[in-house]
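The two complexes that follow have chain A in common; it is paired with chain B in the first and with chain C in the second.
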Partner chain A sequence: MSLIATLARLEAVETGRAAPLATVRHRHLSERPLVLVPLTTSGEAGAPLGALVGTDREAPRLLVVPQPRDRELRFAFLAELADAVLPHLDAYADEVEAAERNETDPETGKKVKVEVELCADAPQIVVPGRAAIDFVRLLGRSMRFRRTAEQDPDTPHPAPPRVPLLGRWLTHYGERARVPGSALLLAATDLLGRHWATGQSSLEDQHLGALLAWIDPPEGASGAEAALRAELARDGDGQLLCPPAGPATDPAFDNKLLAPAIDRYDRARQALYAAQDGEAADARLGDLTRAEQEIRRLVGEQLRPTWEAVWQSLDLLRELPGAPRTADRWTRDRWSFTAHRDRVRAGEPPQPRRDDAVTAAAKLASRETAQAQLEAQEALDDPLVMAGRRLAGEAFAGEVVDVVMAWSESKRPSPRPLVTVRTDDAPHLAERAKVFRSLDGKPQSAEFVGYQADGALVLRLLDKMGRSKDPAPGSVPEKGDRVCWTLFEHDQRGGPRLPDPEATPWTHGGPPGTDAEHPDPLTPEDLL
Partner chain B sequence: MPRPLDARALAALAANPGCRRRALLDGAGVDKGALAEALGSPSAAFGQSQFAIARGNTFESRVKSDGGTELLRLLHEHTGGEAPKDAAVPDLAAAGPEGRAARTALALREATAAGGWTLLDHPMLALEVAGSPAYLEPDAVVVAPDGRWTVVEIKSFPMIDAAADPSKVGAAARQAAVYVLALERVAGLLGDTPGPADRVAHSVLLVCPKDFSNLPTASLVDVRKQLSVTRRQLARLTRIEEIADALAPGASFALDRPAPELTETVESVPAAYAPECLAACELAFHCRDRARAVDAVTALGRGLRAELGGLGGLGGLGGLGGLTSVGAVLDAARGRAGDPSDPAVAALRRAAALRAEALEGAAAGGAVCR
Partner chain C sequence: MTVAERGFDPGAAAAEATGRILHDTLHGQARGVVVDSPPGAGKSTLVVRAALELAAAGRPLMVVAQTNAQVDDLVVRLAEKEPDLPVGRLHSSDADPYDKSLDDLPNVRKSSKAGDLAGLDVVLSTAAKWAHVKDVEPWGHAIVDEAYQMRSDALLAVAGLFERALFVGDPGQLDPFAIADSGQWAGLSYDPSASAVTTLLAHNPELPQHRLPVSWRLPASAAPLVSDAFYPYTPFRSGTDHGDRRLSFGVPSDGSAPDGALDEAAEAGWALLELPARHTPRTDPEAVRAVAQVVRRLLDRGGAATSERSPDPVPLTAARIAVGTAHRDQAAAVRAALSELGVTGVAVDTANRLQGREFDVTVVLHPLSGRPDATAFHLETGRLCVLASRHRHACIVVCRAGVTDLLDEHPSTEPVQLGVTVKFPDGWEANHAVLTHLGEHRVVWRP
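Up next is the complex of A and B:
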């Protein structure tokens, strides 16, 4: 965290209201995001309790597992979730535009351009917090190796048809969320925390209710008071007024409300199985339905405030103007979505449990590139972020006080004008260090020549001035212009190419095996 | 009724060694949850869901069922040696914790002498902490034919594709380190060769459900680091008397005293509040209120405090040594206080000026510079 962000936090403490950390919105927001608020059963891995899901704020779809230990009920939940999520993903899969991609021709080894499809837009999923992103990943892992009856007629507990497919998509979204600056799967707390500083610690910012209270407190209350209320206030029954954003539930809710309701449901179900005649069965079915409705009501009440909070977060973020370079990163997200669509359509197997060495190295390298890219793009999009880089000596802004024309000493002299800049910033410039500025969205580079007696910097412009002897109009700053130079590159390129998986050296485990992943072994009961 | 120290409390102490308040209250056996309520602040009650408790208990009994066959198989898989068969499971029942601890020590000696596999189910270990005995109950301790004692921790969070949540594994390792320490003490009392450090394995067996099933899987966790932290921490705890000396004579944490008096006594012992406390200490909300009331920057997190403390570098004596409150830092940043030749103050002012310039530029529309 830079000192500027620290000051923002301190200001928030002083005013009792969140302070801005950005002047523009640094993440792409879809017109029609799919919001998913999941809840899990405490202590059980991969046993969802319920979820609110949908693209319409007014009409979320409530999915509930009345008895999370029952495999059939959990499968029913996952099938419903697939029903709610997959059509949303499919809707984007077929609207494509033509694009070109560089590929290496396997025979000649030459780089060739290939015409490919690129999805015109990609579906975006928004969840409340980072824990929910982890849960999406967990759900993906728990589903993608399941076998349906169609895939394997002998499987003892076949999964509903589209569940493994949903698992693959959720896995892809969960993995993509690890790429810095990506926006396919977003957490509301991350989004808000990127754009506002609160007067509490970043640990406490993980509570969506408290975070929102700082940013957008209710009438007449300070953010600090509202956040405290969101964190701690309980009703006469000992229940939190602002339930946790999940996926974990509050133990008081589990013990006092949910456990008795599940007990009633279990008893009603046993009674129904034990019914002797049709009339009794009808009456007991009524009991069972009522017990199920009660659980649905309870789970829905826990989910609803978080659902509203996620949409409120999106509203707040939409008030900020979108940063221009988010479009570039969103295009990368569209490529990612399209690539996974192609893998699914080509009938490739689900993502492996563990990446092989080359895939893992490639993922890390691409995330590092994405991180550097994100840092550069955010600074170029947002003067407040740039201010942090200037403070750190990684950029400087100032006024052009002099421009002297000069040329390179080659047969065909090219313009190499010397630009003198006066700045209050203190950049860490080494001799002949390269610096960059944005010229119509493209980086123009210059070389640091030296300091003048009064501390002004002299730079030699190197490119983007056209082919002729005289620089193209507008390509050289004029006296009196305000310019901002960075010491970091604007376009980050990745490192050297990695070998093909088949050429993995023995030091890294050798080529990956060709064995298809086995489905998870099934036990008669899989929960404790 | 003093509350005995357990492994969780000892491990938590190691996480925030600088907190004198917690050291004293834990050492004196004060129920911090009840104390928080008596002080009138919300207690960070670490209630557990009954679903989680039920699952934990079922899994543990499943792992230990059938004379611990499965448990020993898992341990043998990781440590090798003689294949386990016909493990002894001695009865450790006795009256009171002292009785059980004595019974456990006896069983450990017999098992080591017998030279076979022995599973001690819920043994009781005593550890001297700050002059009073603490009784600890690990899930299990296994004695191998070669005479090594291994602590077994059974947890109900899953290991998915052979990896578990690192924060949960860390907590389990800190807890297990306390058990290892207590076992070493027992080994020391037995006084035979090899010495305690060789008798007790410094890797513990962590048993968790595999993937999404209820089948157990296990991993050896090296706890040497946690062990040395805990050891150092417990050694520091003996200085509780010094902390207590600073208290007013006659001070007491009796919960029936009026809240203002009680608050005064609690406040007379300095705390080292950090937001991490919220997940580990019942008194955290009280300490947070206090930290916020005095405007302390520590309430905003250790990272932020370090950021401010690191300012000034060589020139500033201890960086922002004098600037520990939010108001003081902001005053320095806005030029209302502080010496501009102090590099820390200069850095703050520069940051404040840059921030203001960027925000004004954005409000006026358009970027400050291109």
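Up next is the complex of A and C:
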């Protein structure tokens, strides 16, 4: 944790309210995000219990699995989820704009510009917390290898038509969420934690209710009291007033309310199967429906507070003005969405279970680039974030006290003016370290020359001054200007091109096998 | 374990190991040879020698090192040994891409394009630069230096450039790291964030593996501790014996704690200067001042080092002293404190940047000093190993009391990843081993 984040937490403890960590919003928020609040069955990894999903805060769609151990009912849930999510994704797939992409011509090997489609906007999914992102990934993993009856008439348990497709999309969203600064799939706790520091530990911040209590406590209560209440307060029946944001449920809910309700449902179903004649069946169907309605009510009650909390989080974040450079990162998300749309349309197989060596290396490289870029962009967008970097010795702001013209020693001398800066910051400048400032949105670099006797820094400007002997107007700071310099680069160079997967070298096991991935074979242990 | 056990000749043992390595490299059938080298075991000497022999055998050779400083150092060593050898230094297109001293070497050609260096006997560059080389005839042989500090994905990017390779490195030093989360690939044989050697051996377990058995840098007082604590299954010895090296001071102790620590270090090779227990910020002002005072006294007391290198004592100058820390802000704070005391020319840096360097005396700010918690970063075995193995004569550790308790309160809690080879020893155990030993050379701070 950075020093400034520690200070913000201390301040939060002292005032009893969360302290801001940012003055602008550092993540893109869609006009119409799809909010998804999933619940899972305890003790049954990958068996969903229910979900609230939708784009309309007032009209969420409630999906419930009355008996999570029943495969048919789980499939029905997933089909319904596909029905709720896929139209939202499809709505963005056809609104495109023309864009250009650099591609290597396979024949000449030269870089050529290719006209391609780029989706004008991309669908955004917001879930309550990181555990829900993991659950989205798990759902994706469990669905994308399923086969429908249409794909394979012999498959023993065919999945409903659109379920494998939903699995591929959820896998893509789950994987994209691992890219720093991406916004296709966001967790409300991460969003809030980026913008506010609370007086509790970052582990406790994973509780959406407690986190919101610190940021926006009810009238008259301190954040700490409200957070404690959100975590612990129970009603007369021993149920939490603020149920956990999921996907895991509270054991008291499982034991006291859910388990008996599922038992009643099971008994009603058995009774229905055992019915001798039509009249008895009608009556027992009524019992079954009532039992199912009861489970739906219980699950809905668990989900509703979290649903509200996610929307409240979005409201709080929308009060902050969007940071300018989020648009750039959102464009990358749109590229990501468009690329997956194209892969699906081209009939490519689902994402493999494991990345091959080249794909893994490429993903890690792009995520490291994204991480460095995110850190730089957040600092450039937000003086409060930059203050944290200054405090850490990674940037400094100061007044220009002197500018002396100088030129490089070459046949065509270029301007290399010496700029003296007085600052109260304490940057960790090594000998001849490079520093950067933002000049009309582009980074201008300078070299650290040394300290003057009074502690002022001397920098030599290196670029962005035009081609002539004298620097272009406005490209050199003037005496009296206040300038902020960073020790980190503003843009990130991409890494080297990796070999094609078919050319994986012997050190990494050679080319991967070409067999298509098959779903896990069914074994006697597969009870679900 | 003492060095002068009857029958052990460090020079002969090292020469025998080197001979086997060179034989496998030049005449073996395997596509790769892996050499583990403890600190100061003559890794660079081996690399230079292997390069010369491969060049003499007419095998086109590329050398992959991890930093520009390492590449330049190897170029200079090659030119010293064999001034007539045509050497290529492939460099980046940034400003000042290589050490200016290379310009004085007549047979070293420098270029940012691999094509310009084609046909030279040996071409050297960093892994990062090699990764951008495309469309060239592959080299018959490669030497990968500091292979344990190279990431698997960096090897993936360059492995297509060579047919066979010699991988040399120190497994005990700091592992490579990634700034983005790489947990999803943990346990895969080609985890891109693992070290190059881990991936190489996972896919090619039959490759011959060697190790250098003698540390020429570490004194007889340090080799057993470093070997036991950090290399428990691959022990090594020091090349010198007790008494071969001596550190002495012209000015007697003034009775202060820093002087007491210096005397203990001169006598035993180790000293622990222990400050009172306290939770502090990272740049603990008292500890930083204590480090600076130790360095100041080290210079003021006219230290002189006697070693096997020369019969007469060599004055201990600032250039032969280093200060090691865990974090960059700590290094910056120590630098500021030193300049207040008028000390210049002492290398002050983090463990990451001191890797591969050698000094007569090191002063170390213990990574866990004053901390309320022991994180994986601070417990990393390699970090402590680097800090405790840079010296030829003595190492003085400055630390707040209570680290042993801190360790006991924070057993490592990292999740166990399936398929990942568990690294022994873990940082927790190595830290305990070092602290126990240092406890025998404790000098308590008196303000």
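Criterion: the second predicted complex is superposed on the first by the 521 of 528 C-alpha atoms of A that agree within 3 Å, B and C clash if a C-alpha of one lies under 4 Å from a C-alpha of the other, contacts with A are read in each partner's own complex, and residues count from 1 in each chain.
Methods note: a contact is a pair of C-beta atoms (placed from the backbone, for glycine too) under 8 Å apart; a residue touches a chain by one contact, two chains touch by 3 or more.
All of these numbers come straight from a predicted model, not from anything done at the bench.
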Is A:Glu225 touching the first partner chain B, the second partner chain C, both, or neither of them?
neither
Mind telling me which of the two, chain B or chain C, contacts the most residues of chain A?
B
Once the shared chain is lined up, is A:Ala357 touching chain B (first), chain C (second), both, or neither of them?
second
With both complexes superposed on chain A, which partner does A:Leu498 reach: first (chain B), second (chain C), both or neither?
second
In the superposed arrangement, does A:Trp506 touch chain B (first), chain C (second), both or neither?
second
Should A:Ala365 be classified as contacting the first partner (chain B), the second (chain C), both, or neither?
second
Identify the partner contact of A:Glu117: answer first if only chain B is touched, second if only chain C is, both if each is, neither if none is.
neither
Looking at the overlay, does A:Leu7 come into contact with chain B only (first), chain C only (second), both, or neither?
first
Which of chain B and chain C A:Leu203 touches, first, second, both or neither:
first
Check: chain A residues flagged as touching chain B and also chain C 354
Tell me, which parts of chain A touch chain C in their complex?
178, 180, 354-358, 360-361, 363-365, 367-368, 370-372, 392-393, 426, 428, 432, 462, 495-499, 503-510
Within the complex, chain B is touched by chain A residues 1-4, 6-11, 13-14, 20, 23-24, 41-46, 138, 141-142, 199-204, 224, 232, 249, 251-252, 254-255, 259, 353-354, 383-384, 386-388, 390-391, 397, 437-439, 482-484, 520-523, 525-528
So in the complex, the part of chain C that touches chain A is made up of which residues?
31-32, 95-96, 128, 131-132, 134, 152-153, 155-157, 159-160, 178-182, 184-185, 188-193, 196, 199-200, 202-204, 328-329, 332
Contact residues on chain B for chain A in the complex?
42, 47-56, 58-59, 62, 156-158, 160-161, 209, 211-215, 275-276, 278, 285, 292, 295, 297, 299-301, 303-304, 307-308, 311, 326-327, 329-330, 333, 347-348, 350-352, 354-355, 357-359, 361-362, 367-370
